[in-house]
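My questions all concern the structure below.
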Amino acid sequence: MNTSNNRVLVIGGGMAGIRTALDLAEAEKNVILVDRAYSIGGLMTQLDRTFPTNNCDLCTLAPNLSEGSRQEHIELVTMTTVTDVKGTKGDFTVQLETAPRFINLDKCTACGECHKKFPEWVRFTPGLDHRAPTCMRYPQATPQAFSIDMAKCTDVKALMESCPAGAINPDDFGSRREVKCASIVFVPGGALFDPSHLDYLGYAAQADVVTSLEYERILSASGPTMGRLIRPSNGQQPKKVAWIQCVGSRGLQKGAGQYCSSACCMFALKEAIVTKERFGDDIETTIFYMDMRTMGKDYERYFLRARDEFGVRFVRSRPHSVLRPAGVDNLVVTYGTDSGPVNVTEEFDIVVLSTGFRVADDVRVLAGKLGLDLNSGGFPTTDGFNPVVTSVPGVYVAGVIEAPKDIPETMVQASAAAIMAAGDLAPAEKVEKTEADQELLPPEFGVVGEEPRVGVFICDCGENIGGVIDAGALADYAGTLPHVAVSRLQGHGCSRESMRQIQQIIVDEKINRVVIGGCSPRTHEAKFQEVIRKAGLNRYLLEIANIRDQVTWVHANRAEGATEKAKDLVRMAVGSVVRSQPLADHSLPMNKDVLVVGGGVAGMTAALQLADHGHKVYLAERSAALGGQAAKIHRTLEGDEVAPLVRDLVARTEAHANIQVITRALIVDHSGLPGMFKTGMQTGRQMFYRQIEHGVTILATGALPNRPAQYLLDECSQVSTQLELQALIAENPETVRTWDNVVMIQCVGSRTADNPNCSRICCQTAVKNALRILEVNPEARIFVLYRDMRTYGFQEEYYQKARQAGVIFARYSAEAPPQVKAVGNMVEVTFNDPVLGREITVNADRLCLSTGLVADEDGNDELAMIFKIPRTADGYFLEDHVKLRPVDLPVPGFFVAGTAHGPKLIRESVAQALAASSRALTMLARDTIDLGARAARVDRDRCAACLVCVRACPFGIPYINADGYSEIDPAKCHGCGVCASVCPAKAIQLMQFEDDRIMAKLEELFERSIA
Amino acid sequence: MKTESKLEKVLAAGHLAVTSECGPPRGCMPDKVREKGKYLEGVVDAINVTDNQTAMVRMSSLAASAILRQEGLNPLLQVVSRDRNRLAMQADIIGAYSLGIDTMLCLSGDHTKFGDHPMAANVHDIDSIQMIQMVKRMRDEGLFQGGAELKNPPKMFIGAAANPFADPFELRVLRLAKKIAAGADFIQTQCIFNVDKFEKWMEGVRSMGLHKKCYILAGITPIKSVGAARYMKNKVPGMDVPQEIVDRMAAQPKEKQPEEGITICIETIERLKKIEGVAGFHIMAIDWEEKVKEIVERAGLLPRPVV
Amino acid sequence: MDNFEPVIVAFCCHYCAYTAADMAGSQRLSYPPNVKVIRVPCSGKVDAMHVVKAFEKGADGVYVAGCLEGDCHFKNGNTKAARMVAYVRRYMDEIGIEPDRLEMVTMSAGMGYRFAQVATEITEKIRRMGPSPIHAAIETGKAA
Amino acid sequence: MITAERKPLEELIEYIRPYRRILLVGCNECVTVCAAGGRKEVGLLASGLQMALLKAGASIEVREHTLERQCDPEYVEELVPMLDGVDAVMSMACGCGVQEVARRFKNKPVYPALNTKFMGASERQGVWAERCMGCGNCLLGETGGICPIARCAKQLMNGPCGGSTNGHCEIGDDVDCAWALIWERLKELGQQDRYVEIAPAKDWRAGKGAGPRKIIREDLAE
C-alpha cells in the first residue's frame, strides 16, 4: 500500500469524484477515492436518460467506471467515511472508517447467487424510496460486488454456502486507518430536498405524487417497473402528468434553499420529452414553473423542442395544492394564472415534484472537519474567480457541493479540481515503472505462417455456467474441433490462480491462439488480453465465447438448448480465432508542447496551468494584446474587481518561462495527428509565417458581445448595452445620480428566431448593474423587463435582494416586446405589465439593453474548417459529449475552454480552462499515444477510389491520397467499420472484425446446425 | 400579307380574332371531326387541330385538318416536335399546304410519359423554335431545312405557343421574343385564369415591343366543374388557377357550375380586351365545343368579320 | 417439422445491443437459445454480404440490432444499417426468401428486457414461418 | 462515369439455368463506383443466384472474379485460366465489358448481369444522375455548363417548355428543369445574352446519327 503522502484524497465517488480521480490517475498522479456507498457512481447512475441528447447514460458512464477500477493509480475505498482531517496543504492526515461489507472483494465475481437466494440480506438496492425499489443499483456496478446486511441475516452458514466463490466473510468487522495526502478534493455531491413535510403538495400522503428522481426510476429500463410508466397507486398507465418546479429551491417552501437548484428545469423538460416520446398523443404533460431556466448550451433549443415538437404544455404558475378528494381517482392540482384572479383546478394522474438540491447534514459536519467556511445554505464558500478553490488551501470542491448544477458543469469542475489538486503534489519519479513494465512482458512469438494451435479454456464460473451446462463436456467437445491443441475446464477463469495457469499452458503447449469460454468480452476481454500477452502472444490472438451472460444466465431453464448454444459459440470462436492475426496497437510518440489559441482569461489560465506543470505552451492571440473580453468588465455580481485578475494573469503569462506569447497570430493551416500536430500561423504586423509543433490544442477563442440594431441602440444616445452601462457607473457616477428612471430590457438579440439560445450571463448582469445603480443613486427607479429571470444557483439571492431593494421586474412575452420611442433626451418605454394587466409607459433617462454574447462566427468558422471541429448551429464549438466530456472536442487532442464553448461567467470560464488543462494533462502525461488496433485498413490494389468510404465515414477520416487510393489514418480511425461494410470493391477490412472472421463464425455456426 | 390565311387577314384588318380547337377522334371517325367543326362554323376564324394531344394517339392532325378544309372551314394545323423528325415534319407541311391548309402552330408537345404510349421514344430532332425557323425558311427562302431548294414553297401563317404562367417567369417574355425572332407570326397562349399575372407578362411583352411584331391571342378555357378547376390547379403542369376561381366554382351547386364557368370565361375575355397587345382569343373548350358559340356571342365577338 | 428449431443470427453492436444482451443476462431474463449473437463494433459494420451469406449457409432468420435512433456511438451507423437491411430485404424477395426473416431492431444498452423480448418474438415468428427455403433445400440436398 | 444497375434476379436465373458452372466477372471501374458490379456486388449476386437455384432444386457453382477493367483486352486475358470447366460467363460490367468478354471467348456464352444506364455523375452517396448523351458536339459552353440534351426531357435547345414549374420538369418533381438550372447559372455568370441567341437545329451526325462511332488517334494507333 502506498503510504507516501504525495497523493490526492478524493472524498465522494459520484460522477465528480470519478472524473477527478480518473483525470489525476491518467495524469499519473496517485489518488485515494473514498465513498460511503458500496459501489461508486452517485446520483447519475439513477437517471434513465440524460438531457439534452436523451441518451441512456448507462453505456456512456459504464466505461468510465470500469476504467476507474482498472487504473493502477487509484485506490478505491468503498463503504468508508472520513472521520477526521488534520494538517495543511502538502501534508494532510486523514482518518478513515470502513464499514464491514462481509464480502471478500478479491473473491466475489458478482454472480448474484447470494442475492438470488437471500434477497433480504444482500444490499442491492439504492434504497431511494419504498415506491421505487430498483432491482439493481446498476448493472455495471464498481466494484462488481454486493454487500451483506449482516443485521438482517439470520442464517450465516446458509448465506456462506450460497456463494460459489467462497467470498462471504462474516468476520468482517470493518476497519479504521490513517492516510496521508497532499491535497483533498471534496466532492460529496448533493442531497435532494425531502418534500414530505409539505402537506399541501401531498407527497407523504399520495402514492402518485413522486419526486423527479423517483419518476426517473419509473421511466428507467433498469428501474422497478422495467421501464413501464405506471401510476404507483394502481399500476395503470397515466394519461396526464404534471411537474411542479422549484420544490425546495428559491426559498419558496418551508426548509427550501434560497438558491436556485439550476438543474431542475432541464430535468423536468427531459422527463416530459421522454414521456411524450414514448406515449405521444396518449399522454399529456404539463410543467408548472416560475421562470424557465434553460440557460445552458443549446438548452433553449431543447425547451423549444419540448414545447413545439413534443407539445409539452407550460403553465407559469406555482400551484397552491395537490389533493386527492375523497372518491376521486386522480390528483387535483389548484393553481392561479395571470389571466384572472380565479384559481383553476385540474386533474392529473401523476404529479412530479422537481425537488432541488441541498447539502446533507453529515456532509455539513464533514465540511466543518475540513475547516471550510460555509454559506447560509451550507455550501463551502469559494474564490470569486475560481469556483473549485475553498477557504482552506489544499482543499478543493467540485460539483453540487460548490453550488447546485447539472452534469456537464460538474464534470468541468471535477477536472478543474483535479488539476488544482495535482498542483499541490511534489513532482513524481517515473523511472522505475517503465523498467518494471518491460520486465513483465516477454517478446511476442511470431505466429504468422505457423499452423494454428488453439487453446480453449472453459470457465464454469461456479454454478453460473457449471450449474446449467456440463462445462467439462463442453471442454471435451472443444477439444475435438480442428486446430484445437488444448482444451480444458478452468473453474473461475478470471481468478488470479486460473490466469496464471492459462499463461503457463500457453507457453508449455506452444499455443498460438486462445479461446476463452466464459463471461462477456465487454467486461473480460482486456483482462484475458493481458494474460496472453504475458504469455508471449500478441493480445489480439484471442476470442471470447460469451457462454455466461448470453447462454447460461438466460437459458437456465433449457439445459439442452443451452449446451448446444454454448457449443455453437465455442466453435464459432475457434473458427474465428484461427483466422486472427497479430495486430499492432497503433501508437505515436507524444509531443508534450501545447498550443493555446486565444489570450483571454480562459486561454491565459489554461496556459499558466500547463506551463506550471512543466509544459512548453504557445499562446496564440489574434489581437495585439492579451486580456480578451474580461478586460472590459469592472466587477462581478459578487463584487470582485475584474481588472486585478486580468492584470495579474497577463503579467504572469508574459513572464512565464514556459510560455511563448504570439500576438497578432492568425492560424492558417493545420496537420498531423493527436499528439503530434503541426499548426501554421501568420504572425505579427508583417504576417510572417511560422509553424508550431505541439501535442495538444486548447481552443479558448472566446465569444463576441452582441449588438443587434434594436430598441434604438446606436440611434439614440440614451440607449446603451449593459457593458456600456457598467462602465458608465464606474467611470461617471455623476451622470447616474441624475437619473430618475432606468429601464433594462433582457433577451435583446438572444432567444430570438435568429439566435435561439440564451446568453446565460445577462440576467445576473442586469441584477448586478441594477444593484450598482442603487448604490450610486438610491432614488433611481429601475425597471427590468424580462422573459424569464435566469439567476441560477446563488445568483438567485442577488435577484431577491434586488427585488427587495425596489427594483421592479416586469415580465414581457416574446410576442409582445416593449415598445421604445425617443422623446427629447428621454426614451419612452411602453410595456404590458402582466401582474397589473395593463400597459405602462416609463419615461426613462436611460434604456439599457441586455445584449449578451454571440459566437465569433467568422473566426470560429475559419478555425473549425482548419481544425475540422464541428460547431453548434449558433457557431460555438461542439464538444465531444455534451454531458460527460464537456471540454474534450471530438477531434482527439483538442479541448475547449471559455466562451468559445458558449456564453459563461468569468469564474465558469476559469473552471473550464482548468478543466481543459486537466484533460490535456492526462494526454500529456503519456510518452506514447495508444490508439488500439481496431482500425480500418485499405488494400490499395483493390481500391477503386470510388469515394464511398470517404462519404460514408461518420468522422471524415478516409481520403483519396496522392497515389489515387483511399487512405485511412489508423490514428484517426474510430473503428466503427462502416467503410468496410459499404466498400463496393471490398478493399477495406476492419482489424479484429475482418470479413473472413465474421464469415468463419457463420460457417462454423451452420456447420453443425445444418449437419 | 405573307400568306392567304384567313386568320392573318382578320388580324391584319385589326379585328379581334377568335380561334378554337378540335381534338381529332381516337378512331377512324371522320364524321366526328365534321360534327365538331359544325359547332364552330361562323363562330371562329380558325380551328386548331391538335397533334396527338397529351401524347395520346389520335387521328393525325393533318388528316383531320384536311377533313375540315373539305367542309370549307379554316383548320390550323398543330405540329409537335415530339413525334417526327425534320424529314417527316417537312413532308407533312408540304402535304398540308397542298391540301389547302395555310395556318399552323409549332409546338414541342407533352412528354410521352403523360400519354398512352409512355414507352415510345420522344423524337425531338429539333425543338419548337427550330421548327418555326424551319417553316419560315421553307416559306420565305424556298429552302428545306437541310439547305436544298424547295419548289413551290408552302406559304404557312406560322403560330407558336406561349405559357405566361410557367417558370422561370423572367424567361417567359424572353422565350416569346425568341419565338418571334425565329419567325412566329402569331401566338396562342396557355389558358388564362390568373389575369393579374398575365397582365404582368404583357407588360414585359410591350416593353420589348413584341406585341407590335406579332399577334397575341389570349387563351381561354371554360371550366365545367369545381373538380375540373381543382384538377387544373393542382395537376396540370404550367397551369395557374387562382384559388378564387376554385372558390367561385365551389360556391355554386353542381348543376350551376357549368354556367358559372362560362360566366368566368366571359368576364376574363372582357378584362383581356382592355389589355394593350391582345389581338384576339383562342378558346379551348375541350370536349365542350358546343359552348364556344355561346361564349363568343356573349363576349360580343359575333358576328365574325368577313375578310 | 414439428420439432423445428430455427437458427437465428443476431448481429449486435458492441455499445448498445450487445451490452443489452449482457444486461438480459445479469437480470436473468430468459429467451430462447436459438438466437446466436455475433458482436460487431457498430451495426453499420454489418455488410449486406454477411446477412446474405448467413441465409446462404442456412439461417432461418437474421436480425441486426443497433443503438436507438440518435444514440449511435458512431453518429449514424444504425441508420446506415437500417437502410442496408431494407435493401437486403428486397433482394431476399427476389431470391425467394421471405423478407420478414430479416429485421432491424434498436435498443439501448440498458434495455436487457427488450433484448430478451426481441429475441423471443423473433424466434417465435421464425418458428411459425418454418425453416427458410434455403435451409430446407440444403436439408433436402443432404438427404438426397 | 458509366452507370448501371443489376438486372432482376429472375432474368439472370433464366440465363444461367442450363448450366452447372458459371464464372461471374466483376469490373473494378465505373460499375464498382456506382455499386453495381464491383467485388461486393459479385459476391452478393453469386450468393443470390446459388440460393435461388438451390431453392428450385438445382445447384450451380459460381466462381467469382473481378477484373481491373473489363473493356480492355489485356485485363480480360486474366480470365483464361479461370474458364476451365466453366459453362458460361456472366459479366457484371457495363455493355462495353460484356462485349469485350464475349469477343475474347468465342465459344463461351456470355450474359450481361447489368443494365447499362447512362453517363452520369454522383449527386451524393448512392445517387447517380444522367449528365451526358454523347452527342459528339458539346454545347455546354453555350448553356452555362448544363446539358439540355441530356437533362431536358424534351432535349429542347432554346429554353424551357411550358411545363416547367418551380424549377421542376413536367415529368416529375424529382427531375430538375434543365433550363431553369441553365438560366440560373447564366445569370450567375452574367451571360444572359447567351439565352437570347437561337440555337440552330442540331447536326446529329457527330452523335448516333452517323452510325457506330470510332475514335482513332493516329499518333497512338498501331
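Quick notes
We call the chains A, B, C and D, going by the order they appear; numbering starts again at 1 in every chain.
One rule holds for everything that comes next: a contact is a pair of C-beta atoms (placed from the backbone, for glycine too) under 8 Å apart; a residue touches a chain by one contact, two chains touch by 3 or more.
Owing to the predicted nature of the structure, the values given are computational and were not obtained by experimental measurement.
Set side by side, the interfaces A-C and B-D show unequal numbers of C-beta pairs in contact, with more at A-C.
For this pair, subunit A with subunit C, the centres built from the Cα atoms lie 33 Å apart. Note: centroid distance subunit B to subunit D, computed from Cα atoms, is 40 Å. Computed from the mean C-alpha positions, the centre of subunit B lies at a distance of 62 Å from the centre of subunit C. Computed centre separation for the pair subunit C/subunit D is 35 angstrom, with centres defined by C-alpha atoms. Across the assembly, subunit A contributes residues 952 that each touch 2 or more other chains. Each of the following residues of subunit D touches two or more other chains: 40, 43.
Residue positions 47-49, 53, 138 of subunit C are each in touch with at least two other chains.
Those chain pairs judged to touch are A-C, A-D, B-D, C-D.
Residues of subunit D touching subunit B in their complex: 153-167, 170-172, 177, 179-180, 183-184, 195-196, 198-202, 204. Within the complex, the subunit D residues that touch subunit A are 28-29, 32-33, 35, 38-41, 43, 66, 122, 124-125.
Subunit C contributes residues 47-49, 52-53, 55-56, 91, 94-97, 133-134, 137-138, 140-141 to its touches with subunit D in the complex.
Taken together, the subunit C residues at the contact with subunit A in this complex read 5, 7, 9, 14-16, 18-19, 21-34, 36-42, 44-50, 53-54, 57-59, 68, 70-71, 73-77, 80, 84, 108-114, 116, 135, 138-139, 142. On the subunit B side of its complex with subunit D, the touching residues are 81-82, 86, 108-111, 113-114, 122, 124-130, 133-134, 145, 161-163, 165-168, 170-171, 174-175, 177-178, 181-182, 190, 237-238.
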